[in-house]
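Take a look at the structures listed below.
You will see chain A twice below: alongside chain B first, and alongside chain C after that.
What follows is the complex of A and B.
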């Protein structure tokens, strides 16, 4: 076949893909008969009502001297690891606010950290394109630094996110600026599976965030600069199970909903969204969009659900943190002031 | 289109008098990459067709919305003003007085009970 014949085929195939995607979008729109807020209101549900004495800060953990980019709790919810671009990981006793470890990192440009399920190890990654594992029970070296016990190398771009697989201390998933996610065996340092990359198809831009399903640790979602989130099964690296469209900008953060059947996302488009994992439906948009669009809408940098899922905490690029009532899509700023969308 | 003709298609250039293996290699690589891209697109077309077929019998979003509402019934949540589920005694550890390592200041939770 000649070069120009191949080019014609490529153009035709691309057009077909775009046509099918448009048809998919239209079909999905037709299936969106309500969103979560519409349904909840129809059932007579009313919004959470915060007073000024609710959501009071009970601990402030002070010690980092640079921006804190990431943190993770132990499963027992009594210790925290935090990562800062002051070049350190700090392990905190969350109950007493005391620091138990301050780990000087080989690369200061850290972006993510995770606590191992057994509470004895922490992982971190960043602009060095590596994921470093530290064993908290190791002997410190003669400079008083905790040595790196394992380095996971192989990514061709920055490590934006990492998370230990909850019921397996030896497995870790990373997301990277090289557009892939990787499942690692921490004891050997080997890659078990690569999700995405040129062959097979996956995200078409940097992966910024991952979240493992706490109800089924074989499933995880990833969020990317390609404005999509993708669901993966760790046993099937050949292709994403589903791709979730809707956002108009980088998906900076993804988090599974507590029931394990939905997940939330936060994006450069200033919105958070709730997607249904199984069907792919976009169930709710949480948007601060003002009536006059002259003002820049702050981007969503991180999200977290409360344990029941009723509250969605969202951090924004302007430094604000808001709480969304997930059911009624109403928003609260800390301090008790109510903002209705 | 560049004015100096550099943007012209290779086929439009006159044939050079001596062989140019680099251009032939370039054409070969270009065809190979194009073929690979077409294969990926064809696979994507198949997957999109499967997803379209799936949507023919998929339930609307209201079914999932109902599940979201039901999933929260009776679930304990300390961050809500009123927890829908039972209070967990372990929550109280967060509201006991804490001595700071830097000062002798003691803090207590400003509210009364977690209800």
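What follows is the complex of A and C.
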């Protein structure tokens, strides 16, 4: 077959895929008779019964000399690791606000960090396309820095996101600008599985965020510049379980809902969305009404759910932090930093 | 909007003990004066260390190299390394041997495949048809060039490559190299095949012959950096610079560019000889247009509002020769170009035209509040070490002047 024939066939196949995708979308719209908020209101649910003093800032942790890009808590929620543009990881005692460790990273361009379940290690990754692991119990060197205990190499693009697998201290999942996610064995430094990339059904653009299901650590979801989120089973690397469409821009952040049956996303299109993991339906859109044109819509950079899932915290590029009532899709509270979150 | 409650977020000073409203997380309510004093000492030590490191870093100026692929920016990076550091050590030089070999295979493959394609599609196709007895060599070399790991370059293969290179069809293809992705240093590779195929060939220790290393195209993933001081080692007499090259990231720049917010300067490399060439990733897109779009995009990024811009109009040596053969107006951006004469005058005229285009682009895309950021244009040929050294001295002067202005001393 000649090159131009192949090209024509490719164009035809792409058109076919797009048509099928549109039809699928239409079918979904037909089946979706209401969204979460519509249903909740029809059932008479009312706004959350807290008062404004129930949400207060209890700690401000100061010490970084640059933007804070990422942070993670230990499972006991008593310690925090944070990564910053100043090229450092800082470990904090969350209760006392004291710093327990400060690590000057070999590569200053860090984008993500994660605490190991046992609380003894932290991982970070960034523009160096590697994920570095530090053991907090190792001896510090002359400059007071912890040595790197392991480096996970193999990604061909920046590491945007990393998370230790909950019940296994030896496993870590990373998301990368090379469009893949990887499951690593931290003790050997080997890649156990690669999700996407050469294998079909992977993301078609940079992976920006991952979130492991708290109820079933074999499942994780990834968000990407291709405006989709994808669900993966770590035991099946060959294809994504499901792809979630709906956003109109980069999906910057994904987080599983506490019950593990659905997950939230935040995007460059300024909205957060709630997706049902099994059916793939978009359950709810959390969007600020904008009177002026689209160019001014702040993008969603980061989200988190409260323990019950009733509250969705969303950080925006203009420094605002909104707390959404996930059930009623209304903004419940508002606060902010001085700059981008 | 119904149900909204505006909650200002007050700051709690560290010495205050946790309040009731914090809920179950803080059940271990330890009054701070009972906290282990070791922890206090450790935390204070950390704070001290951070403060000291930050103070040292204030004297380091960060420079970010940006540019489209093939803009010559990685060569500039290597040049700076050669100029201000001790150059490459032998182990590293040796590691470049296989890179050079791989480049040779890739180059001849591009030429051979290119000749075949031109023979199929061009009207005057006969001149691109390779001689029958060279076809077998061509097919073999094309296959080798497509492999991930290239074999070593032996004398035998080097001879075969030389034979193919001398085929008139290949020569013809080379001179029409702009529509293919023929690397600029193709000729250099082909003319030095014998040397490259020596058994003990190491891109050599002699400084002059480090040209080999400069010519080799190496793909990096991640970010490379070098720290240097232009005026000798002494930090007192000169500024300390850290140059970053985010080389091999083939992904969405917008997702990591903000990491570089607040760098002292962006060094943007534009290969002005590329006005008639297409992209490697998309052969319908003109490289100069791509560079133009990229420059526009970089200028608009709020993270560089305070950074100086140094524009390197690179590959001038190739531009010089090309301008006579290929008119500037084949590139859409330069379509209003009127050639003036010939010879050296014409080259200068063409260069000034291109420079003006970039200047206009800069001012069109800089917001009013960026008016006092420094903007300088330099004519460079990345492979010319003396020129790079001179250019960098000028860059250093500009930045030092900038520093003094900002400190209110000028």
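Basically, the second predicted complex is superposed on the first by the 320 of 341 C-alpha atoms of A that agree within 3 Å, B and C clash if a C-alpha of one lies under 4 Å from a C-alpha of the other, contacts with A are read in each partner's own complex, and residues count from 1 in each chain.
Everything below uses one rule, namely that a contact is a pair of C-beta atoms (placed from the backbone, for glycine too) under 8 Å apart; a residue touches a chain by one contact, two chains touch by 3 or more.
What you see is a predicted model, and the numbers here were worked out from it, not measured in a lab.
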item: Chain B versus chain C as contact partner of A:111, first or second or both or neither; value: second
item: Which superposed partner A:36 touches (first chain B, second chain C, both, neither); value: first
item: First (chain B), second (chain C), both or neither touched by A:17; value: first
item: Which superposed partner A:97 touches (first chain B, second chain C, both, neither); value: both
item: First, second, both or neither for A:6, with chain B first and chain C second; value: first
item: Partner chain in contact with A:45 - chain B first, chain C second, else both or neither; value: first
item: First, second, both or neither for A:56, with chain B first and chain C second; value: both
item: Partner chain(s) touched by A:149 [first = chain B, second = chain C, both, neither]; value: neither
item: Partner chain in contact with A:170 - chain B first, chain C second, else both or neither; value: neither
item: Common interface residues of chain A - those touching chain B in one complex and chain C in the other; value: 53-56, 58-59, 95-98
item: Residue numbers on chain C that touch chain A, as the complex places them; value: 1-12, 14, 18-19, 21-22, 25-26, 28, 30, 32, 35, 39-40, 42-43, 45-47, 49-50, 53-54, 221-223, 246, 248-252, 255-256, 259-261
item: Residue ranges of chain B in contact with chain A within the complex; value: 11, 27, 30-31, 34-35, 37-38, 40-45, 47-49, 51-52, 55, 58-62, 64-69, 71-72, 75-81, 84-85, 93-95, 98-101, 107, 109-111
item: Residue ranges of chain A touching chain C (in the complex, touch as defined); value: 47, 52-60, 63, 65, 67, 77-78, 85-86, 88, 90, 93, 95-102, 104, 107, 109, 111, 126-130, 143-144, 155-158, 160, 177-179, 205-206, 208, 225, 250, 289, 325, 328, 330-336
item: List of chain A residues in touch with chain B within their complex; value: 1, 3-4, 6-7, 9-10, 13-14, 16-17, 20-21, 23-24, 27-28, 31-36, 38-40, 43, 45, 48-51, 53-56, 58-59, 95-98, 199, 201, 239, 257-259, 261-262, 274, 276, 278-283, 306-311, 326-327
